[in-house]
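Let me give you the structure first, and then I'll get to my questions.
Chain nomenclature is as follows: A, B, C and D, assigned in order of appearance, with residue numbering initiated at 1 for each chain independently.
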């Protein structure tokens, strides 16, 4: 059994990490930290979990973490992790950071979208934790920049097709829709049920910070500069994300080519389900899981490929993939702790 | 006061027509027909309206309609209206059909998407009832093919830009999302709350019958053949539709050009609100109304225009626009009966 | 036309007041105040209303109010109104306060449930604004304590029966359920959609401050001391309130007695709809309106009357009834500005 | 490993059984039957479960069941099971029936609420499967009448208190609220999201068939005739049930007495969580689980106990308890296959 800590355990991604890790057959959850709820039992904040976990939240302390945990998950707002992580990596910890701080190879992209980076010296050790794509690099890494939820849902269907050259690198559009939990647990007008019920809207049109994160990874895959038009929307629901992606296919590409490419790329990878032609992804089918369901259609008159992918933004889009990355880093089964059957409804 | 009948009054679009017409200052609602609820009071089916309307639903009869109504709204499934409408137009009635039967100029498009058309002889008298676009033709017409909800939300933002040549006619993508009421009142698995809660999904990808309807109108506007990639999605909510439209701008087109084009096209038209740059359309803001809210952003690095429009699929997308068309046909104020202030939430 | 001000216009009850008053045929809305949004246009806060109201919110000033408005609606948190109202009443204004500050006849009850009362000298001029019950007193009043939402939904069905002695005064239970808008616009964990989706729960069990408000009014009606067991619950929805009330019937009381009592008490009062035996109240049927729908059943083996009532907590439970009270005070038609037909869905 | 069949596997309770049993460490699911989906793969009907189960649904045949399964779960509409079960029990199968057919000791109660009973000869072998109450009888039984969802949520908090005589047996009121999945998967107007959104209503007031089921069990517990006033309501959500129960306490009963009674009765029983005084049950906290969370308050001025209980109507209210009963019957750990940690949200 490996010992693990969750830093920022009472946010939604943190709590989902706690849920998964409590169930994990090879992990003992030894430490939960929370600034807001320090000193209170975790199951007082999340009474659903009463009977499963009896840990009391503590304030963050590097010493405490180093003493108690071999693996450290950080579920903190951007900018905080880069001040914490260097000490942890120096102490030899396995670190999985769910913020953007360690997701970028090109620090200039990070600094343009976020702020000055204060831990540049360790950036090159960080691996972008898109588990099915960077599997072997993750397996030999000790520091993971866990992908954003939107990037996960958009990169997984696109990368195999860009790698194999079946689609054009220009004019890619990603129209993405997320449940409100992606906005976090902090209560704002945007999360108020009365503002959300019967409401659907786009936000940060053309300016979301996940765009450069995605463009960097897409360009790596295409070995070419890829520009992405990305529009996120807010769904009147709690958990779930669906991305509809439009790309122009190379002349001659057939639906069979697309299917073969996706199926062979994800062959043997349990968490990506390439759906049959008759099926379309539905957020309900992946709720609470680490799955990414992918479907597609070709609009023949327009030479356009329509890719659809569904994930749970807190699962494969955050905590699930983080645990999957831990499994890879530690040589566990990739699926350890992550095989929960979705509810029928 | 003009007399009006609603044929198919107990479906959702029919019931919304009843609500609006009951409030209309120049209309007396004299006849409601319903196959399913014939013989029952309308407010027994929709108890919300008790105290406002005391009409009993009757089975359809052309004689009855001709005797009792000068204006006839048809809220029936496709294919039924074309067997009914000829008799009504011959009797000199004003007819507004909410089905697809009288929406197409090119009957071959209709027949490919639906079925054989059995009232071709009167098709050329029908006007496509996109109220802000075809205003003068509607005003002198007696037969309206009321647009579909998706087409309304997608054509209103696109047509002015195509007419003025600010965007390219190729590679237009419309990613549209609708509340479940668009699927009608008939109970199916797709409308079951347990299948819809926490669910978001696309449907009829690449094959929705609103595509040819839109392409015909877009091509008229552009005076060129326009192809549209259209993907409809189902939102976990009741009423509301948002379309996100991606089009490539002509070199040199600026945001100011787009704004000027939209604002001048809709100048003086109360039901289209072109939002300021700081705002984005939200279905909640148009719920229960005849508004179409339009916003946009240019994604400069990608030469892409992102257009957003919000309507109520039962309002501007169906019953509201139908009444607006009646107002135009009869020379009433365009806004008669349609000015309801949306709820704050 | 009478001039009106809404103090606290950007909360949910305030905004609903703005919506109704904007539509009111005899009112000109001259002043909106807001602490939080002072200096901003109201339709920037509630973009739904763009095109209907172009007022800019101002900070509260007694002078401003006195200069600009004959009728003043206060939609503020408890405790604030009692520091403002004396000056307004002294200036001869018609005042309708939506807080608890002027709801109690017995100030000791208020002070026990809330805090010390600082405007006791004018308390005896205040009328409890349960419009259908205190009609004549309201009509000759200049200061109204507008009832709470729970009290409105519970008092309207109970008072006629207590007045006529058809039910026992002991062991009355009111199990009430409210949409989240009753909690106001301030964002908290309790209003966060992720905490509310698929959630239903009671709160403040046995200790809600609406209990003494109701007991005072019930005791007036019964001319006897009435105790009420009251449990409020939170519904996963935005607007609407349903109360299920259990009372023991006096021996010999029949369903016909109950019906006769309710129907005669509310005869001619348009906003209370006593439903037929075959129907049960549904919050959807009163959404956005000033209606209170009442239904009932007798459980014969248990000598228990089950009363059900549905209102919109922001409508008849707050802003709607406030405007109804204004109509009564000013001698307008009771229904002026309040007759909106509910949406079918 | 024991072999199991689910008869009626594609309804919501059936599908939840499939989910739980697929995860069960001591069960092999060998047979799923479905009338509607015979011949189709189960994961085609519930794509969420793709990758977890590859069984094809078959039509029901007693021979098939007897050949393939030692334990048989029936998730069928009332009246069907009593024509099937005799053959299965004769063949020595363990049978757990989720319908009402085997829930009643007094067949006259069943026949009054449902219809003539056609398997009376085996009725006396059936045990009422309220797992925490009838534990030992269940353990030595081969035929279980699995309790209804409402009864489970209402009996679990009441029975210990009636057994210990802390509350009076008269004037008990149960005000219960259920998610829509309790109405089953068949699509009707009552399950249509457009009728359910922003809707809350009671149904079958005073006449629900779960009333006699509960009264029989409550009377057993009290050793006296207990009458219950029961009103079910429909919540605008998918899964979850909360019951608010009002009972008069015996003079002298204290909150500590109530707590001691409940805590000692459920001592060591993992699926009933008696909450601390500071907490109240919330359906969100038990969603997808076999928990029943119980809380309470005493309203001292009114000598009234307010009991609150939350379950998942498909979990502890149906499939979860059915598997718990199987565990007891077969001598497994009571919690086998049932320990899933609820999602944080």
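Here, a contact is a pair of C-beta atoms (placed from the backbone, for glycine too) under 8 Å apart; a residue touches a chain by one contact, two chains touch by 3 or more.
What you see is a predicted model; the values in this text were computed from it and never measured.
Novice: Would you mind telling me which chain pair, C-D or A-C, is linked by more contacting C-beta pairs?
Specialist: C-D is joined by more C-beta pairs in contact.
Novice: Going by the average position of its CA atoms, which chain sits the greatest distance from chain A?
Specialist: Result for max centroid distance from chain A is chain C.
Novice: State, to the nearest whole Å, the distance from the C-alpha centre of chain A to the C-alpha centre of chain C.
Specialist: Each chain's C-alpha centroid was found; their separation is 46 Å.
Novice: Between chain B and chain C, what is the gap in Å from one C-alpha centre to the other?
Specialist: 37
Novice: Could you state the distance in Å from the CA-based centre of chain C to that of chain D?
Specialist: Going by mean C-alpha positions, chain C sits 39 Å from chain D.
Novice: Two or more other chains touching the same residue: where does that happen in chain A?
Specialist: 12, 179, 181, 194, 197-198, 236-239, 282, 284, 287, 345
Novice: Quick check on the complex: what are the chain C residues that touch chain B?
Specialist: Chain C residues touching chain B: 12, 15-16, 18-19, 22-23, 46-52, 181, 197-198, 238-239, 270, 273, 275, 279, 282, 284-288, 293, 340-345.
Novice: Note which residues of chain B are touching chain A in the complex, please.
Specialist: Chain B residues touching chain A: 171, 173, 175, 177, 179, 194-195, 197-203, 205-206, 227-229, 231, 233, 235-240, 242, 244, 246, 248, 280-284, 287, 297-299, 301-302, 304, 306, 308, 310, 345.
Novice: Please output the residues of chain A touching chain C within their complex, sorted ascending.
Specialist: Touch list, chain A to chain C: 12, 179-181, 185, 187-189, 191-194, 196-198, 236-239.
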